Amino acid sequence: MAQIVRFGVSMDAELLAAFDALIAAKGYPNRSEAVRDMVREAIVSRDWEQESSPGVAALCIVYDHDKADLPRRLARLQHHHTREITATLHVHLDEHNCLEVIILKGSPGKLRRFADQVISARGVKHGKLVMTTTGKHLH
Amino acid sequence: MAQIVRFGVSMDAELLAAFDALIAAKGYPNRSEAVRDMVREAIVSRDWEQESSPGVAALCIVYDHDKADLPRRLARLQHHHTREITATLHVHLDEHNCLEVIILKGSPGKLRRFADQVISARGVKHGKLVMTTTGKHLH
Amino acid sequence: MAQIVRFGVSMDAELLAAFDALIAAKGYPNRSEAVRDMVREAIVSRDWEQESSPGVAALCIVYDHDKADLPRRLARLQHHHTREITATLHVHLDEHNCLEVIILKGSPGKLRRFADQVISARGVKHGKLVMTTTGKHLH
Amino acid sequence: MAQIVRFGVSMDAELLAAFDALIAAKGYPNRSEAVRDMVREAIVSRDWEQESSPGVAALCIVYDHDKADLPRRLARLQHHHTREITATLHVHLDEHNCLEVIILKGSPGKLRRFADQVISARGVKHGKLVMTTTGKHLH
């Protein structure tokens, strides 16, 4: 079972006031949650930098489905990575443009290479790989 | 109908060799596609900075569905933003952890504020807002 | 005089262990200093985003001093901004390449526009604007 | 001697118009220079990611010189890295706050670790490591 511990942080009163204003603007219920979020973010960044453990990522692309036989090429590329791809969400933005979010799980290096291949494909207008976490060990 | 134009870029031979190595590593079919990708990325970044036109974004969060009545709170928060939310994809990462990707459309400021509210919620372990594009005018 | 206050942060023991490993790797003397750094970084980022108060920045450029009459053009550009420029450090990287760091003080918008002008100049190979703080109110 | 080559880029007319507006706003003299800047930026980013070759960096810190014996501790830290440090620029921001820019040359990993040590020091309020280039092979 999860065990909650408590530690003290000392801070100049003026800095704390600025912090309180910031977390109020962002909607945090309290300082602990804001500090935990910053800590988790720092840990997730470092995990991706060090490529130490399997990560979870979402690859977001916008493309024109009429272009360059793209749906078939994207489907083929994805079928070569079925072990890494968990699910794909497709949204029809307008008559031509599609947004696709591909959920990935695996080693950071592999996910980055797959993202490079998809983003570099002709007809893909914009692409971003969002690196997040399995959530394990991040309570 | 789209009209394709062509322009020349002059470059030192050594810089071009380094560029060619980079785009080969990323899988680009040719230099034009790589240049177009960099141009589109610069335009999308600027559009979000200037908050000039409606954007498309994907909010990716990882959370523990057992925590703090979170599914109900997230559902409520989302139902207050049905005009901005197009679709939501939910993936069960393990017994406790969920990945949710929320597709958003609207003014950059509004999407950022909604993301702040979701990410700051107690129980949300990690969150990132990916800012992308409607694809319009970005051929 | 500065007044130090203290507040408690509650955290899951496993997350705290990961945080402790991270701050040990980075060399922090204790958790308070690491938390204060994250808080100050969040405040500085937000100040630059909102362009609310005058900022301090360092513009770092690398250029070839033999190219395109660059030293004269850079000098002229800088002399049009003497109110914003505090000091400039010049390092001779090799026979051709120079690194110049220009310290700037002023409104975020003005500093960004000046940086755009310098970075876009012909002969400037690489440029980055580092946005930092006057240090005031950030104890 | 440097050899200039020329290659063609094909682009949709509407995308090119948006690109032209962007580079005019940033002050680029022509499209070639804007494309070269994007290419050089992509190469520098990749070099730092892959830690493949020695880099040049500027570490920018803001600190209170009255705090925690900081000038002596920073001097000592810097004297342990004289092989990496080329020069240091110091600006007195106000009665208490100092901005220091430390120019570094060496392996990316070493420069990052040195930056971590300085930024984590008690009394350093804000710190950023700007990763740039020796300028070699980047014409």
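For reference, chains read A, B, C and D in written order, and residue numbers begin at 1 within each chain.
In the analysis below, a residue touches a chain if its C-beta (ideal position, glycine included) is under 8 Å from a C-beta of that chain, and two chains touch if they have at least 3 such contacts.
As the structure is a computational prediction, the values presented were derived from the model and not from experiment.
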### Summary
Taking each chain's mean CA coordinate, chain B and chain C are separated, in whole Å, by 26
### Query
For chain D, which residues are shared contacts with two or more other chains?
40, 138-139
### Query
How is the touch graph of the chains shaped: line, ring, star, complete or other?
ring
### Task
Pull out all the chain pairs that touch, please.
A-B, A-C, B-D, C-D
### Message
Under the definition above, what is the set of chain B residues touching chain D in their complex?
### Response
2-16, 18-19, 22, 31-32, 35-36, 38-40, 42-43, 46, 137-139
### Query
Which residues, counting only chain B, touch chain A once they are in their complex?
23, 25-29, 33-34, 37, 40-41, 44, 56, 58, 60, 62-64, 86-87, 89, 91, 93-94, 96-99, 101, 103, 116-117, 119-122, 124-126, 128, 130-136, 138-139
